[in-house]
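Quick heads-up: structures coming right below.
The following pair of complexes shares a single chain, subunit A, combined with subunit B in the former and subunit C in the latter.
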Partner chain A sequence: MLNKKLVFATLSSLILGFTSLTANAMTAEEQKGLEISLESKKKDEGWADSSADMLMILKNKQGQESIREIKMKSLEIMNDGDKSLTIFNKPRDVKGTAFLSFSHPVEADEQWLFLPALKRVKRISSRNKSGPFMGSEFAFEDLSSFEVEKYTYKYLGDEAANGEMSFKVEQYPVDENSGYTRRIVWIDQSEYRVQKIEFYDRKNTLLKTLTFSDYKQYLDKHWRADVQHMVNHQSGKSTELKWSNYQFKTGLKDSDFNRNSLKRAR
Partner chain B sequence: MKSTWFTSVLASSVLTASTVTAAEFELSGKVSVEHRHFFKDAQFAGQFDGGQSSVALEPELYWSWNDGFDSIIFTPFYRVDSQDDNRQHGDIRELAYIHAEDDWELRVGIRKEFWGVTEFQHLVDVINQTDNVEDFDGEDKLGQQMINLSLVQDWGIVDFFILPGFRERTFASEQGRLRGPIVVDKDNVTYESSAKQQHLDVALRWAHSIGDFDLGSYWFHGTNREPILTPSHNGESLVLQQYYNQMDQLGLDVQATLGDWLWKFETIYRKTSTESFVATQAGFEYSFIGIFDSNLDLGLLTEYAWDSRGVVDFNTVEFGHSGSVFQNDLFLGTRLAFNDMQSTEVLMGLGTDLDHSANSFLMEASRRFGDNFKASLDIRLLQSSDSIDTAFMLRDDDHAQFSVEWYF
Partner chain C sequence: MGDKLYSFVGKYPIWVILVCITVMVFSGAGAQKLVFKNDYRVFFGEENPQLTAFESMQKIYNKTDNVAFIVVPKDGNVFSAEHLETLKSLTKASWQVPFSTRVDSITNFQYTFAEEDDMIVEDLVMRTDRLSAMDLERIKQVALSEPLLVNKIIAKGGHVSVVNVTVQLPGIDPLTETPQVAESVRAIKAKYLAENPETQVMLSGMIMMNTSFTESALSDNATLIPLMFLVVIITIGLLLRTITGTVATVLIIIMSIVTTMGLAGWLGFYLTGPSASAPTMILTLAVADCVHILTSMFYEMRQGADKRTAIARSIKINFQPIFLTSITTAIGFMSMNFSDSPPFRDLGNLVAIGVMLAFVFSVTIFPALLTVLPVRVKAKPENKKDSMAKLADFVIGNRKALLITTSVFILLSASFIPKNELNDDFVKYFDKSVPYRAATDYMQEHLSGMMAVEISVKTGTASGINDPQYLNAVSDFTDWLRDRPETDHVNTITDTLKRLNKNMHGDDPAWYKLPDSQELSAQYLLLYEMSLPYGLDLNNQLNVDKSSSRVVATFKNMTSNQLINIESEMRKWFSENAPQYDVDFASPSLMFAHIGKRNITSMLVGTTLALVLISLLLGFALKNVKFGFISLLPNLIPAAIAFGLWGLYSGQVGLGLSVVIGMTLGIVVDDTVHFLSKYIHAKREKKASTYEAVHYAFDNVGRALWITTFVLVAGFSVLAQSSFRMNAEMGLLTAVTIFVALVVDFLFLPPLLMAIEKNKNKKQQALKTNALESSTSSS
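Let's turn to the complex of A and B:
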């Protein structure tokens, strides 16, 4: 018992020492970049659970459109990544397909897919971060919940975006499976909302720009953009996300995010 | 008696539904038009040559109320076929009432329940009977009557099944392709149990996810879904008579999801009054994400099948000692996902028997057109020069199948 305590004490002092060491090693820009992201995350904490409908409009170079209709339910987990349930309604051939994800800040996410034709629940690899979501310009990692630990940061300066004076912060993904070398994010100074993100591919060339618009505030606290517009500069394709029916604190529980709820999700 | 009670439970649930006014109703489904072309002339007398066309309708009616915690689903199915009388058939895939609470769920009615993790053979999947005339991959199932109570515990999900009413397997008719030399008789089916089709089957399953591992284990007691087929005379003609014995089966399925690797393992132990055996299907799937700097994903699959019964030997076959088609077989596959707007996908698989000459090749390619149409092209080739393998009976049944599905 005494030994265990001793080991624990040594261990925690080591960890503490390590974190303070890395903190010390940060430049002022890195420190400020991290603080902005921490503040942005903190300002949105306490939403408990949410549900919303998502309409995805995919456009190719020729302007041809394709629609995706998706319902999303999320559960906020303190000190870990969120749990989410994604239910597909359109295109019709994937109707009834549902996706359950337990995200984690550092370790691999746990993900299951329900395939309605076979009534099969399939555990899938969460390594696929960089691949396109439903053939859209959004990669899986673009749609996963924001966790501070997923990036390291550097504050680049102040700049207006969407008419809002913003902090311009560069983010470097920690996960080696990310499709990006870096993202540049504009976070407005009044409410700490993300206004714009630029994505740089593995060759460090500009790949996509995501613009957030029509922000609405829910429960006097949580800001959500009704529209997210992603433009791929290399392929000329774009995807527009339109959110509706945002609801918070609807009483969703852990039990709404398991294999059984995945199978009957609608 | 049992079925009367069963119907009354269902009827009362349906009644409850209709009295609730806030119910939501949804109609969806699909119509598929399909054409198969067989490359070679038929091997056996009575079978058709060339093409086979069919149309299938599968609507889904869904009612829910109480925020979706109560629901009724109804999925009838019917196929019209130009060549095979047995393939022209209907089924109720689902007609069930589901009530969900935080830590338990009750499902009553006709349903489909899938178990397992592997791709080339579904060994542990035991609840539903195979709708064999639909396709020869064995993935199409007939609806099964059941009462299923599901309990959610910290240590996993426990499912209790009571399965009243047994469904007989479907087989190709005399005109149909993809069958053996002797036609399976739809009538004169015999059972080991004196209760015949009314034997009350039961099953108990536990499933849980622990970190990277997904585990499932079960015990099934009841009518064997696989019939024993014995040649017998039906009037003048020689037919295969179906006999369903009783079985106890233990099953285990494990998947380890480690980075880009999926490790899969399924095994069963089955005991009947005439034999007991162990069978296993195991392998892995590895995915390359975004190959050639594109959006293309490439998955590689390898699986191995083993069965303690060994090969099916028609010369020394003893009643109830069936042998297995997948007794020492290797499967290789690739899955190409284009991740484009039309969800284009190509799947290829190769199966080979390591004990004797029997090979199979399959390719499935599909793509969406517009918002509501999907087209698929399937090619299946079978080769064998060894009369003891079932592939030998199907060696002239190589075919291509083109289908268009309309979703509404």
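Let's turn to the complex of A and C:
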């Protein structure tokens, strides 16, 4: 017990020291970028759990469409990444397939997929975080919960986005498995909501733009966009997410988010 | 017309020179707008059905423009820890290539295997620092038994591998995008070679081919045009012995080229491999006008005329013939407008413009220059009984034998025409000195080439590809393809599904087969897709709603006809075995395979039209319908002989050669015009007998024809040196045709005329014949 305490103390002092060290080395822009992101995260804290329906509309250059119907449940975890459960309804042949993800600030996320046709849960490697989610233009890392520790920051200036005066912040992924060199995020100054994100690929060219629209406020606090539109500039493909039936504090528990719960998810 | 023109030019030579130069400068400014399109797609018109099919396929799946690094390890073994490490770093570096969207190599191949109850998806070569002999053996075994890799990414023998970079050019600034990619991959190659000096790296793929179109044309223009100028200077200098004449001729040529290319720029033309040879062709064709004017002028001066009179007479004599020959040449080149391939339409129009400009300049600024510049004529003893007269005597003396021998030769040559086979292999558009060709040949020999067909099999219903019936059909089709001896590689989603099924059953080889339910397939694919990293997804094989999948078949090198046959056999397979699916076939190889045939069909119309127009013009100019018809023979026979000889020499006819008949028609007609007009002139004006008229024609135009043919043959032979084979073969066949035309005009046409005219009035000529023959024998 004593040992554990000692280790903990040493560790925390180390971490504190490290943080202050890096804080000292930060430029004013980096500091401001970090603060904006911290504020944004903080403003949304306390939603506890949520569930929502999602319509995912994939379009190719030719204009052909494909629609996926998904239900998503999330659980807020303090001091760690959130947990989420995604249940597929359409296409028909993957109905009942469920995807469980434990997001982590620094270490790799943990992910499992339940395949009803096989009646088995399979673990998915986290090296795929740069890969497309269900063939869409969203990568796994675009959909997993935002954690401040996942990036380093640099404030670039103020700029309007979607008609809202915003902070323009550049974010650099910490994880080397990320598919991006950087993202530029527009966070509005009134409510600290993300309005737009530009994604730059590994060769640092603009890959995608994600626009958020139709923000609604829930429980007088939490803002959620009804529509997220992702355009891939390189392939000409796009994906639109349409959210509905947002519910918060529905009483979901940690036990609803484990390998066993996957099989009975619906 | 010629009179009035020169009276003006002679009065105000300086003004004429200034006006012409101003015209050139203003038109020439347009040359800045000329840009080189480095994309094989320019060979196809917008309405080309194979191009349309290919483009719609590229929109549904991902684009297939690529660069292939062909990497040959120093010890002939890809599977050493050391080499795999270099491949891994090359793969990583390749992600930095501008516009790259995907990189495939053996190191980042998404290897799937069972581990306990999980399916692991990871790079085949994850880390290279601790590879044991056993690991290496496992990697080798996996790579060499993976149908997706063998022959595409890794050679069967494991001695060469490819890092394939897929690029998606945005097409915003097409002129800089391809060079940007080429520059980047060359830098990566150079760096790799510097770090791994004993390995060998070659670059192939569509991007490198597109780059080679530009580079080939540029290097051609840098070497061939100066070479051609040299030929012109030497020819005119030696044959006409005049410095002023040579300088003026070179100036006319430069002005014709600059004005034409400038106008092309203003008119919005762009350059391509074939149309970039326009300057060389204009250069060659522009010489003839000047030679005719100079020859007549010097003849007059030697006869004692002063310079101005000599120029005036020369213009008067030559104005009509060179106008006529320019027009016929232009018509011949304009027949290329019927071509299916836009670059050849452009080439035809550019050369037609150039030829007409050359005509205008030769009757304006050319005489003006000659008026202003000093011209001296050395009194050269005219030995009139020259080689041409001897040739005339020979032809008249041996007319029967000649007619028979030449006829036999013509028929014999023409009988080899069927030996020609349509073939457009775009790799072979470049000769072996072009690095892209060498690289692709090597890749073809050790892995697989660029002869590919993409097959989109469509169900029409979302998620339709997961239907076991569909998967079985695609798998059977794949097996059928793989059984064919000409197949090198087939990329199909069914292989991936079989592998996944095996992985899901603890890697039991007995389960290497298709899942038996739609749900299983769909969920395996979902699991697999959800495990793939950026850029290695299945979007290049499946469409967005999974209603269609794309199979890519790569074949051994074959001719266009063979490929078209395979295409129809594949169509047949589907109509017999899986008629319920809608199937599309498309690829650059197919586009090129079809264009030869399409182009020849459309060029036949164009050439016929040109032939009719030219014959009408000839009949008009010769004022005689009969000679108009007779002239058809010497105009058509050269192309027949040339293609017959080509059948013996090579037998491969592609896009470049299918325009040669139309193109040469306008040129070879000139010889016939000159010869026949002199022959008719002698008969009509001088009341000469047939033999005398033949003799007269030889004496008067024989030498000029010989010189212009020499220049033309030399010019097109220079073009034949092009590293761009399409242009080189076009040059060679044109040179042969033009040369044969002269031979036909000298050895076949006169005996033919004599044979025809003899039947007409035998008796009348009997006396004269005796007289002439005795005079011939006495000389």
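FYI, the second predicted complex is superposed on the first by the 251 of 266 C-alpha atoms of A that agree within 3 Å, B and C clash if a C-alpha of one lies under 4 Å from a C-alpha of the other, contacts with A are read in each partner's own complex, and residues count from 1 in each chain.
Convention: a residue touches a chain if its C-beta (ideal position, glycine included) is under 8 Å from a C-beta of that chain, and two chains touch if they have at least 3 such contacts.
Everything numeric here is computed off the predicted structure, so don't read it as measured data.
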item: Fit-or-clash call for subunit B and subunit C when the two complexes are aligned on subunit A; value: clash
item: Partner chain(s) touched by A:217 [first = subunit B, second = subunit C, both, neither]; value: neither
item: Contacts of A:99 with subunit B and subunit C, given as first, second, both or neither; value: second
item: Contacts of A:205 with subunit B and subunit C, given as first, second, both or neither; value: second
item: First, second, both or neither for A:189, with subunit B first and subunit C second; value: neither
item: Which superposed partner A:234 touches (first subunit B, second subunit C, both, neither); value: second
item: First, second, both or neither for A:118, with subunit B first and subunit C second; value: both
item: Partner chain(s) touched by A:260 [first = subunit B, second = subunit C, both, neither]; value: first
item: Partner chain(s) touched by A:27 [first = subunit B, second = subunit C, both, neither]; value: neither
item: Of the stretches 56-64, 74-82 or 110-118 belonging to subunit C, the one that collides with subunit B; value: 110-118
item: Footprint overlap on subunit A, where subunit B in one structure and subunit C in the other make contact; value: 58, 60, 66, 91-94, 118, 120, 122-125, 127-128, 130-132, 134-135, 177, 179
item: Residue numbers on subunit A that touch subunit C, as the complex places them; value: 58-62, 64-66, 88, 91-94, 97, 99, 113, 115-118, 120, 122-125, 127-135, 139-140, 177, 179, 201-203, 205, 233-237
item: Subunit B - residues contacting subunit A, complex; value: 26, 28, 30, 62, 64, 68, 71, 98, 100, 102-103, 105, 112-114, 116-117, 139, 150, 152, 157, 207, 209, 212, 214, 255, 257, 259-262, 287, 289-290, 295, 297, 339-343, 368, 371-372, 374, 405, 407-408
item: For the subunit A and subunit B complex, residues of the former touching the latter; value: 58, 60, 66-67, 90-95, 108, 110, 118-128, 130-132, 134-135, 177, 179, 253, 255, 258-261, 264, 266
item: Footprint of subunit A on subunit C - complex, ascending; value: 56, 59-60, 62, 95-101, 117-122, 168, 170, 462-463, 466, 504, 517-524, 526-527, 529-539, 542-546
